[in-house]
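The two complexes that follow have chain A in common; it is paired with chain B in the first and with chain C in the second.
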Partner chain A sequence: MARAALSGRLTWRAGTLVEARPETPTARTLVLDVPDWPGHLPGQHVDVRLTAPDGYRAQRSYSIASAWQEGGKVELTIQRLDDGEVSPYLTDVLEVGDQIELRGPVGGWFVWREAQQHPVLLLAGGSGVVPLMAMVRARGIARAKQPFRMIYSARTPEDVLYREELPRHVRDDLGFDLFLNFTRKAPEGSPNPPKRIDVPTINTHGWPPDFTPDCYVCGPTTFVETAADILVALGHDPKRIRTERFGGTS
Partner chain B sequence: MRELDGNAMAGDLREIFAFDVTVARYTCAGCGDGGAIAQLMLWGQEMGHVARCPHCEDVVMRLVHGPDRVYLDLRGAVRLELPLAGV
Partner chain C sequence: MGIISRGFGGRRRESVPGLPPGQYLTHDFPVLSAGPTPRIPLDRWSFTITTETGGKKSWNWSEFTALPHDDVTVDIHCVTKWSKLGTTWRGVSLDTLLADVETAADYTMVHSFGGYTTNVPLEDLLDGKAWIAYKFDGEDLEPEHGGPARMLVPHLYFWKSAKWVNGLEMINEDEPGFWEAAGYHIYGDPWLEQRYQGD
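Let's turn to the complex of A and B:
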């Protein structure tokens, strides 16, 4: 009995870095080969654990960026935080062939399932785009018909993750729209000056509440709270708003 | 100090429970408000987490790691509602 109960528990496993792709000057995607990976849903995350030679351990949660396909890899996009304890190691030190400890996939709340029939609104602040990208990729692979809109707020054009891939999804995946908002510097010639995400942005580029979209909001706490408050003020049902915050100081 | 939410407790909870507790609905002992465990406001590091009600900020759940065991204090939740199959 005890053994059966224990086998249901989640344990740590080793993942091997097979490829690393730079995304921006401060972020890169780690492609990990994890033997016997059970697959994952878009929006789920993993815990990553690093152990120093003296036994000191640090653990962080990172969203999975890739959509699962049989035989596929687990991709994590890591934003380097300069005062961080874990992220600079993952962005600058870890090399192809190196191993890290992973636990997951975990989290069943901030996920999108293909069986959900409602339109989807994705609101991303900074590297909060990562789990939302997994949803966009999963929708693309499944050729799902639910219309998706993404509003992605980044500091500058240089900070945009998946800068080349996102426009490809707009072109190739019917019913996927993207609006990029910039908070510090807009691209040359853009009609939209830099600003924080606000009511007109979400009102114009989101879905009307009558469409009862499933809304996913991910980013730093201030972004998540602002965006979720705006959605509620615009008349969206709080039960259809799912949020995920990250601290951004680790 | 980091500010996260209950989503980030999924791994620690999945290590001790056979199902995903973050999808469970809690009822706060302080204010009676409820929501998914994933929505709680989370403070702390890997040695321990304090999860607070986003409505009244009372502590709903504490999870502390000892050297060989985990301590889970749920006195801030009067009720947990768990889906039996799927979500």
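Let's turn to the complex of A and C:
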């Protein structure tokens, strides 16, 4: 499937919004019906193109949140950036039944394939959790046995995307562990004070380098730089660390 | 395709000349890379040109920075849609580095510390079109932006301007580098919007 998805020209397709789910006060998931969608791997993204009535156009890239299943939908979780041009339209204006143009899937590097046999460490900063969620969902659907650990750093408990679904994966998917880190405000009664992601957190809740995990790091640039540097300092092979940065795309 | 988004376009970015199709203007300098940022001590830095017959020419850091340099102001265009206009760099022109290199090859593979590669036709590196840059905006190039030194090929999408460069290999036939093998365009002209394979 990956090979098919990467060959030939990527054409623009019309996607119809069939459902919209609020995730947080500033993020929502768009469930899009895209006829003839070729399928995708968890971690890939799409380009979205919007055209204004006067012909003005803008394009942005968004990670795919859903794992692909035959006949399934393409889900994008959009974080609204207040000074953004495209994201506020997608979070606040687009209505069920409306169409947008999509092109993809794109990217053959920041992906998880079921054939990878190593344990997996997912490090998410903010909305960087989106492509990693696709990996968690894909693993759940495939009932894959590779152990996964996710460390997800968010500003406050209210900012956590997939707040209800993530604990369900911990409960239902054997071998999936989740650690939530908060940078500004921890939940009431939490033993862990708010802090930036640091060496003890990754050392305690990640995998030892000896397990040679495949590491995926996604988030804002400062988060990715810090987390990837910590992984290297802890002894992880830089070649097993894949990064994706969300910087300034709005 | 005639999909019009009613209510879209009210917050459009400033329209400026110099933006290729599908790009928007940014004033930040976003970082994009596939893995952790390598930190290369200057005493371990070198840059090597290898020809298709195996000939080699190398510079260490002091030799490299003693070469004649250019100060250039160029626009850069990232495939992820941002463009940054009027960026200022100091670097050594590839014309200088390739002046004494005998080659009949038409293509090159750029190599970086950390294993990243990207392919560029040789003619796209010549005649004042490309540099190995080591200063940005008057300052030493920071590691996350490719320091100590990065390729600067501003007329192609910016992934072709490989960070942390350590070598250039002459090759007879074009072959995909790292991002090109992961689905990105083999050449990457922003004005033709050659983002992905087949564009």
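In this section, the second predicted complex is superposed on the first by the 241 of 250 C-alpha atoms of A that agree within 3 Å, B and C clash if a C-alpha of one lies under 4 Å from a C-alpha of the other, contacts with A are read in each partner's own complex, and residues count from 1 in each chain.
The criterion applied here is as follows: contacts are C-beta pairs under 8 Å (C-beta built on N, C-alpha and C of every residue); 3 or more make two chains touch, one makes a residue touch a chain.
Just so it is clear, the model here is predicted, and its values are computed rather than measured.
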Discussion item. Applying the document's definition of touch, where does A:Arg9 land relative to chain B and chain C: first, second, both, or neither?
Written reply: both
Discussion item. In the overlaid three-chain picture, which partner chain does A:Gly107 touch, first (chain B) or second (chain C), both, or neither?
Written reply: both
Worksheet item: Looking at the overlay, what does A:Arg245 touch: chain B (first), chain C (second), both, or neither?
Response: both
Discussion item. Taking the superposition on A as described, I'd like to know which of chain B and chain C A:Val93 touches: first, second, both or neither.
Written reply: second
Worksheet item: Once the shared chain is lined up, is A:Gln59 touching chain B (first), chain C (second), both, or neither of them?
Response: both
Item to complete: On the superposed three-chain arrangement, identify whether chain B or chain C touches more chain A residues.
Response: C
Discussion item. Under the stated touch criterion, which partner chain does A:Asp229 make contact with: chain B (first), chain C (second), both, or neither?
Written reply: second
Response to the item:
In chain A, both chain B and chain C touch residues 8-10, 47, 57-59, 61, 103, 106-110, 221, 242-243, 245, 247, 249
Worksheet entry | Residue ranges of chain A touching chain C (in the complex, touch as defined) | 6-10, 12, 14, 47, 49-54, 56-61, 84-85, 88-89, 93-94, 98-101, 103, 106-110, 221, 225, 228-229, 231-232, 238-239, 241-243, 245, 247-249
Worksheet entry | Parts of chain A lying in touch with chain B, wherever the complex brings them together | 5, 8-11, 45-47, 57-59, 61, 103-104, 106-110, 221, 242-247, 249-250
Worksheet item: Which positions of chain C touch chain A when the two form their complex?
Response: 1, 3-9, 11-13, 22, 24, 26, 28, 30-38, 80-82, 114-115, 144, 178-179, 181-183, 195-199
Worksheet item: Which chain B residues qualify as touching chain A in the complex?
Response: 1-8, 10-12, 14-16, 18, 20, 22-23, 36-39, 46, 87
